[in-house]
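Just below is one structure, and these are the notes that go with it.
Letters A, B, C and D mark the chains in the order given here, with residues in each chain numbered from 1 onward.
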């Protein structure tokens, strides 16, 4: 029989749903030693917590996250709160010996992240951050192709994450669903929300970034704040782009924005190597583009790989070739890998420590955006 | 509190998984009066039934479908067997007053299908056939655009369903996973398996087909039969194409095959109207292509609609714009609609009667393939 | 010094321009023994002939094609008239010992075509028909890949030619620019105009077609005739689709129409072989899609080959990799090949005899459309 | 009768061919007051000059550009030499009262460009620089859509120009065909060769750039020099990326490289406005992508506009809808517009003065690449 892993979820928003769905599905599709049990969900508003529990099958609710952490029947804490609460909760959960699954970005800044890393490492608790895109099968396949050495020396890495949902000046900042526009809750704007995803993938696929120069912009300077009801200055970055250099000698160009009309969630990356190149696009996440210069010259071309075959990452667990999976499955894969890591007693990335590296790049980018100088990453 | 609908599943193959997943997920994402309960799964091999029950959370197992149907605690029977068993099971289930969800195609042929329709209609039991592609959001959006009159008079409807998984002559026929190559179990080859999907969608979107002329082919004439262990004649159609005329005056061109190298499950359709055209492709099922001649002439072009917004069919129940869903969700939508129909006491298509129309076209196509004559559809 | 080939052009419409451009350009880009000289253009309306001659640099004009053919300073006659005049002109030109370049389709029907073939063969004059799409570099590359045996046994060949320019019922038939709607001038509608292109390519790439069953339709039954000023019955086919069998055992599905909203000139073909598949699309004619099953399984995918490299057909004569050529260049290539054939005294296809095979398929298709029976092609 | 414009071409390389083709074709397709006459071509190597003259129909050859400029029968001088000769020739041609058509980039640097601008302006001679991509119909359509105000306030402009032809370390630098790798002849690497195109288009479509921060790289540090025969330091930039700010408040991200495996000449740009966005790609130059947020929400999507209709820029001069033109036609359009400007006595851009603005941005980018500081553009 499978071993239960009792989950205590803190937060009930979009990510609460994505994680809960993953916990519920994972054992139907993956053969695992562990089985997540939806033990409790925590939110300040009891009615909302209960509604969420009813929808998703959580056995109980809490309104104080400290009580949740104190419960002996909780094995693992899933932190789905706004970013500004990650640190305190994570440190308390580590102190209580809980396994921790924390939404990205790890923290508001590197200093907070360092504290969190020390806490989980001191406590020796398993920990992971929800940079889910690593486990889109096409992205995992990209990693595999790189690890097999197919690309050769890397010259270029470029990534963008383009959205258009905050163009209207009428959109308020702050509060449920809009805390991402509120610097107090989010820490930063697109840098922590979108670029952080791009950076996590990049560090994983292409190694460390050494230095960056960045440009940030806040297009709409003031918005009504939902909590205060007043028009307040917008302190987050609406857009952020940076140039940089990876340790392996390749050049980086990154951009993110919420003002790119026509793009809902267009996260793309492309890697150009001496022998081959790879490109991926979140809007068609089940495909990977691949060009191999070693093909016969007359038939060289970018291949559109429909990543739905059983020998491609994760896909033997799902349907049959040609039938695509979607966004939510990346979370299922993360849970599956994490549970396997628990069984094998091996850490599964991105750990807090891995995510701290992303945080450092984000901080350097934001610092460069202010100073207008190149910033080295320690 | 939601009302239980106790499901008895017969069969445990690919479709058994797809349906079970839908039953388990539907209430997490849709607010419904009914809630499916996975009561029992039935398979001749008890160990396999038990393994399936363990994986998916079925409360009990049966090895005789007649016993399953006889159980008073079963409200609805889901028929996921090979095609040649649909009729007998469905008629028995109807006689027992069970709600029935039957895999497609409805039956081996029209005569069987007629019996099944009569049985469910006489018994007055809710019934539906799993032509799931109607409920891919992009396809449902196509239906909406047609119903809004955006296309105008229709001139052309063309569809293909292209696969390549049976090209190897070493592939046997018959048995688990390969019964689709065995005429005794499947009735026909690509006609019932693939064209049936294309026809169901077409009848739904564009109305009745009046007449057809068809061409069928069996490229590999003999294959080892898994059950007998002998090389036997292959009696299914490996490929089938037909031309036809719809009642609305538009022309039909349809093709399906399992010998189209490079295509895993490429179901595409395109509809050309006087004012606008629509195209869809299962390999990127979250997109719909749309051309509107009423756009300003200098900016006319095919639009690639990323069907992930909350105002597009079904999508408010899932994630946020830009984040795609996949194949499995079409089954969730079918369950959601069916349960809503149960609550409202309104039939939800495709009913057995709807699916019988598809069966008639399939039969006409197969008959024309043999006779090399145009065949009228009564 | 290059040898002149004195051209006498009959007709001055769209094709007259395309051919004239080819004659003028060919020696700038190809190193050839022969050099076309624009000697004379012939049209009934002298002013129009003169205007065309001025624009294109023809040295003289004629208003009677018989006089043009009689001129000893004309080496080659280019027939760009409506289809119903091809036969008479070609036979006269052959009798006069002229080299002949004839617009497609070869003739109104097979009987006419037979007479034309006999005439040129009896006279022993070089002859070619302007099925220009064979010499789009991507299409020529397709031929090369097939000839190299990369595809293996062929299972399927499908082609469509979709346009939308005659949807309006207000469009008249007949007269300049609209003779393609007038059966008296054109012989047939889309069959001779569009399907003929698809068939020529298919016979070249995949060998003979043995039998067909077809469906034809005239959506708009009456249109004002430009020449008579009266509303007259439309006698051409607005749309035509057929199924068929090639001699090599592969299945054919073909369709053409001028009622496919959103498609200007969408000629596409796809060939599925045991080992590899090829697809092409006139709307992006500089690309070829190629799938090779022998690629490593995890990176299999359709390659989009940008056919602009020097080792791909014809491309060393043009620009540099990445810089595309267009429609008009297919005519330049045909002239270049034809002139090389003249120098080498080798016939270059499609000859009249080659084009007659296309004509036979067209006739069979039209006959089947009427009889609703399969038609064998002798 | 049309007026002759006697052309004296200096240089006979790739661009010499592209321009000569344009001069020869323009009057076949455009109705113009002027007619280019290919009077003389100049190259140091007489045999090569003569061969070029024979191929293209130049009436005479020169081996000293000063003699060419001195000829009274030359009206216009076309400068197709390596970049380091532009200044001297242009100033001499201006002094001789010649009309000047100069290849891009205008000069080695801004200082040279200033001198050239002063020379042509003092002499009052018509002048233009061959930034040909402005006159790809899809790009001209983008300009039209922007000028019509369809995009609204602009937030983002991003462009890349990606090639892969210098990845091999065996490729030498310098000499015919390879002077672009030799800083002495080219001035810079990808900045002047590729980014200059991107910048010219950007300034035209989106107005001035105020400031930039850049990163440059030379991946292969030494290459054999064709002229010296020795291994020498490579002094050009192999790759260059920059961030910047436009005067209109929009953000710029630009990148160019010759080390992007899989891309032959992938020049793309995208512009995101408040209401609509535009994207273009040189690899499919006959298409424009357009997204309009004002479309009905359920059918919003990126439109792929096949820019081949008569009401789209330049296209009424060519073939019929659906039939694409290519790279070379952008030069024909530039000649057509320039000749029309001569007839109307109106300057046609990009003039030397326009091109100087591009030069200033290039210089700022190169300076920033060295200083690692933001650079303001005066």
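As a convention for this text, contacts are C-beta pairs under 8 Å (C-beta built on N, C-alpha and C of every residue); 3 or more make two chains touch, one makes a residue touch a chain.
Values in this document were obtained by computation on a predicted structure and should not be read as measured data.
Visitor: What are the chains that chain B and chain D both touch?
Guide: Touches both chain B and chain D: A, C.
Visitor: Could you tell me the distance, in whole angstrom, between the mean C-alpha positions of chain C and chain D?
Guide: Centre separation, chain C to chain D: 36 Å.
Visitor: Hey, how far is the Cα centre of chain A from the one of chain C, in Å?
Guide: The mean C-alpha positions of chain A and chain C differ by 55 Å.
Visitor: Centroid of chain A to centroid of chain D, CA atoms only: how many Å?
Guide: 42
Visitor: Which residue numbers or ranges of chain B touch two or more of the other chains?
Guide: Only 263, 302, 306, 309 qualify.
Visitor: In graph terms, nodes being chains and edges touches, is this line, ring, star, complete or other?
Guide: complete
Visitor: Name, in rising order, each residue of chain D that touches chain B in their complex.
Guide: Listed in rising order, the residues of chain D that touch chain B are 141, 144-145, 288, 290, 292, 295, 297-306, 309, 311-312.
Visitor: Which of the residues in chain D come into contact with chain A in the complex?
Guide: Touch residues, chain D against chain A: 155-156, 158, 160, 162, 164, 167, 213-215, 217, 219, 239, 241-245, 249, 251, 253, 255, 257, 259-263, 272-277, 291, 293, 302, 372-374.
Visitor: Note which residues of chain D are touching chain C in the complex, please.
Guide: Chain D reaches chain C through residues 14, 17-18, 20-21, 24-25, 27-28, 55-57, 163, 165, 263-266, 282-287, 306, 308-309, 318-329.
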